[in-house]
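Before anything else, here is the set of structures, which you'll find just below.
Both complexes shown next keep chain A, but they swap its partner, so chain B is in the first and chain C is in the second.
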Partner chain A sequence: MLSRTADNLFWMSRYVERAESIARILHAASRMAAVPIAEDTDSNEWQSALAAAACDQAFAATGQEATAENVFEYLAFSEDNPSSVRNCLRMARTNARAVRTALTTDTWEAINSAWLELHRYRTDDVSPSGLNRFIAWVKETSLRVDGAAYRTMLRHDAYWFSRLGVYLERADNTARILDVKYHVLLPPSVHVGGGLDFFQWSTILRSVSALTAYHWVYRDKLQPWLIADLLILREEMPRSLASCYANLTMFLDELARDYGRQGESQRHARRICAQLRNARTDDIFQGGLHEFLTEFITENNRLGALIADQYLI
Partner chain B sequence: MGSKSFDEMNGLDGEGCRAPYQRLAEWLAEAPEELIEQRRAEAELLFRRIGITFAVYGEARAEERIIPFDVVPRIITSDEWNRLAYGLEQRVKAINAFLADIYSRQEILKAGILPPELIFANPAFRPEMMGHKVRGNVYVPIAGIDIVRVDPDTFYVLEDNARTPSGVSYMLEDREVMLMLFPELYARYNVRPVENYPDELLATLQSIAPESAPKEPTIALLTPGPYNSAYYEHSFLADKLGVDLVEGRDLVVQNNFVYMRTTEGLQRVDVIYRRVDDDFLDPLTFRPDSALGVAGLMSVYEAGNVSLANAVGTGIADDKAIYSYMPEILKFYLGEEPVLKNVPTWRCREPDALAYVLDHLPELVVKEVHGSGGYGMLVGPASDKKTIEAFAAKLKAEPENFIAQPTLALSTCPTWVEEGLAPRHVDLRPFVLSGTDQVRIVPGGLTRVALREGSLVVNSSQGGGTKDTWVVNV
Partner chain C sequence: MRIQVRHDTVYAYATPPKYVIQKLRLSPRSHEGQHVRRWRIEVDKDCRLIETADAFGNVVHSFTLHDHFEALTISVEGEVETEETAGVVRGAVERLPLALYLRETDLTEPNEAIADYARKFRRDDSERLAGLHDMLADLHAHIRYDTGRTDSGTTASDAFELGHGVCQDFAHIFIAAARSLAIPARYVGGYLVQSNGTVSSDAGHAWAEAHVPDLGWVGFDPSNGVCVTEGYVRVAIGLDYLGAAPVRGAQAGGQTESLAVNVHTADMAVQQ
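What follows is the complex of A and B.
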């Protein structure tokens, strides 16, 4: 297939996934903001949301205060924020439109209707219920696109490239959310394992629909290292880094088999996948969770560059 | 003038419903207005959702508009169509013969039928094409011939589109939408299908592949990209043909072949259905500032290692100045009388004609020879004195730039507008496919309708709409 087509498919999926991830971050922030914090801390859920979305510096540059309204507007609708849900959906649609021939009608219509419907949410309604409706809609949109692709696309390179976009983006997002929780969410004065800490972790899990999964897997109360274990190493957890890499490796191998040739991207993905399979939570914490996640994000970006070199340029 | 025109449903001067429209009239009488209105709204939603859009240049929020779709089909009988189809095939054969001649021996100039300056001073003439051999002399594999009807028996050719005619996606989508929304009406007629158009187009493109190409030639559709007004059509056709939709940057020339960049490396391309104008095709030969084309494409073309549809330089055949000579051109190459007439045309370059035109401006339509899309024209009966005088000055200054035609009483068709059913003027663009093996025409075409009352301008860029065209066995 055309390299440009593959590139558009890859980015189309990345942008849809990113829109969903931003919506989940907003969801987590609004839940946390809804619970009054007893202790006097500097903690600001909206500031954390910006950090998790990797938008904190850009937002600071606008000179605005990190209020619920401002952050919601910035992360959901701002035309100046390249990662806003609006811009993600716009980019997804631009990419999809450029490769309509490689998409099924269902997939295209899911993305195109999302773009048309978005304008309905572009109102002044930044109330908690307005926000919740919007978040629910973004998640639904991403489900629709995903479902349409899953149900209608031929299992060949077009599908694989779009899946690679999903998992590469998801791995990046999970790593960032974990990292932010570790760094920002927990006010220094709050005792680790206290009530607030518990609430924040449970919100994080809830935001990735993993709270029930946690209990199912560990049958234990919420513990930071178990949460890290779940989101990093557990392959049965679909948003975990290990699961993303199991998928990335699988789809890259499908491509290699189909094309009769493999290259650096396959080797790199397999390397990371093996590291995740062999890793232990204890070791990760000993070396520093933040250091581990930073390294992971760099290596994940590197895989993106290798895929581009090998197929997309 | 409006009252005198021929209505395809109700005949001349309200003589009553014509036979082919009988069942449609019955259906319209039975169907409640709300139903039609509701289906009309559904159709619009459908077009919007599928994304059947086009762009109007020069409008700020123009990125995407939909062309209004009229739910009342236009009906042509098989007998009428067969005569049309015969005339179309004849016309396109003459166009191909003319292009083959004009880019080689130029017999028609030697015979004194065309004034040479009409060719040599024409920007659509491409000297680069002199002596170039086009496979099977099929210069125009895809032609869109604009037809108007003035009475039960007379069809005129209004314009020959021999460069990159568009609109065929609307022909196909209009049919889909009618089938989806009005199955009960559709079932009352025996409508001849148009759905095989993509297959016929593919066969046509395969037939013109270079002789050195493999048995299954690789075909690609070259588009200027998503910002082009016809991008929807480009992607639609590529999809239906099952070929890659490429942009200039996807193609590269190496060792005198064209390749496309794929995820598996470079792949040779044998036939390019290009929807990019000559000027932008190859920055090394034509406009050096073009980023839409492929550097070196022309030399591959000249070497016969790639076929282009349509060929380069076909614009000379659909030029309005050449148009007026088309009856003579047809006779010269085929030795036949044209089945489809030209609209009577005065060439302002000829002094007698110019004098007549200047005397009769209020009755005439005057067009710029190289204009298109309804721009740069004067519609005499619809213009005030001041406009006419200003136009007369332009005409006197550069008479060779203009042709003039009588304002035709274009036929009307009942059309669903705000106040209900009303007659509106229509034209028809059938698509003629010429391969090295045969000519293929699917029965139908794109009917364009002027939605404003009395308006004769059907161009989509000027607010026209479209209708499904039914060729029926009655």
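What follows is the complex of A and C.
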């Protein structure tokens, strides 16, 4: 396969996954903003949403105030924001079109129709129902693309490359969202374990569709370290870092086997995978969750660079 | 190196036991230089395999059987990807303080002879690695590899006196000698593929790890006189053989007629 093709497939699914993450972040922010307790504090959910999407600096540069309207518009529709849902879907479609023949009809149609349907959503409707409709649609789009690929694509390198994009992006997103909750969200004046804290955690869990999973796994009230355990170390949790790396390692192994050679990206992914499998939550908290997550995000980016070096350039 | 492992343990009973309990340390974990691609344990009777981890971080499976049966087979099949790390073990599960690995056990208690022998290799901390290498080469040269003369209960001192043994005895002697020099050391059970590709034997392999400042744990295989290479799959660690034994069990009633172990390891690249 041409490295250009591999690159397009990788970024196509990475952008779809990113669009979904942004939608989930918006969803979490809108829920948090709806909590009356938040009004007593100086926390700003929309500012946190920008931080979780790693768009806070770029947004600040626009000189706008972080209001619901501005942030929603910036994260969902802005043409100036490379990570906006609109731009993600546009990039996903551009990439998909470049490798149209490497995709099945179903996968292509899922991506193409998403782009066409996007224009139906109005940029000025930030009412809760308008926002929710949009968010639900983005999630559905991602499900459709993922499902179409899962159900129709041949299990060969084209599919493996598209999966790498999904899991690399997802790992980044889970790490970021956890980090934001821990360091940005809770204002210093509010005590850990309080009502706002509880509500924020449950929103975080819900934003990664893990609230029910949490109760199934732990049968306990929400505890920060258990949530971290669930989202970092539990392989059975599909959005956890451990699960993302189990998948990344597996798909990189498939590629290595297919091509008959392996390289630095396989080794790096295995190293992180082993670290996650051998780690314990206590040790992570002892070393500092923020430090752990920051390092993870760096290592995850490094894997992206290694994959690019090995296959995409 | 991509290593395929198949390991069967077959018990045949002259008279069926009433009750059997087994503890298996048969699952390798991933760490730097070792990646477990797939691994499966199969017991040929209906039972529940309960997975836990012991204090050393080894994966332990246990099961119990109540039925009457004449034979029991425990099979392990898996594939591990390894890389050359010059024997250095990084990123493995380390749950216990180093000082614990100085503790003597019945099997690794050094007698005067071993302590005397070890003293020849005493070096400063900065030279510790060189000292261990010297001891590795010396042990390999002076102890004969010989199956059938020792058994799983042979102590380090006995084997050292006899002057021959199997990989387990080599490891025990090495560990006993290292600990007598206050160097933390431990026993490692696992598998080995030699450079000629395929190996079938009636047992897995065993070697030792010693702690070296700045490097961490380093694997030494005294029965082959080398540091651990990419041909080694590291499965379980312990203070001695008993702590890392692949299969340990107990039974009530009945009589064991025979116990057969068959290990097959292969370098898949050579095989293809």
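By definition in this document, the second predicted complex is superposed on the first by the 308 of 313 C-alpha atoms of A that agree within 3 Å, B and C clash if a C-alpha of one lies under 4 Å from a C-alpha of the other, contacts with A are read in each partner's own complex, and residues count from 1 in each chain.
Keep in mind that, in the parts below, contacts are C-beta pairs under 8 Å (C-beta built on N, C-alpha and C of every residue); 3 or more make two chains touch, one makes a residue touch a chain.
Fair warning: this is a prediction, and the values are worked out from it, not measured in the lab.
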Chain B and chain C placed together on chain A: clash or fit? fit
Partner touching more residues of chain A, chain B vs chain C, is chain B
| Is A:206 contacted by the first partner chain B, the second partner chain C, both or neither? | neither
Quick check on the superposed pair: does A:101 touch chain B, chain C, both, or neither? Answer first, second, both or neither. first
| query | Where does A:302 make contact in the superposed view: on chain B (first), on chain C (second), on both, or on neither? | reply | neither
Rounded to the nearest 10, the angle in degrees at the CA centre of chain A toward chain B and chain C equals 110
Applying the touch criterion given at the start, work out whether A:133 contacts chain B, chain C, both or neither, answering first, second, both or neither.
neither
(message) With both complexes overlaid on chain A, does A:1 touch chain B (first), chain C (second), both or neither?
(response) first
Inset, instruction - Please work out whether A:90 is in contact with chain B alone, chain C alone, both, or neither, and reply first, second, both or neither. - result: neither
* Is A:253 touching the first partner chain B, the second partner chain C, both, or neither of them? -> second
Minimum Cα separation between chain B and chain C after superposition, in Å, equals 18
So the chain A residues that chain B and chain C both touch are none
In the complex, chain C touches chain A at residues 29-32, 34-35, 37, 57, 81, 83, 91-93
Given the complex, residues on chain A that touch chain C span 249, 253, 267, 270-271, 273-275, 277-278
The answer for chain B against chain A in the complex is residues 48-51, 225-226, 235-236, 238-239, 244-247, 249-250, 260-264
Residue set of chain A touching chain B in the complex reads 1-6, 94, 97-101, 105, 108-109, 112-113, 116, 157, 161, 255, 259, 261, 311-312
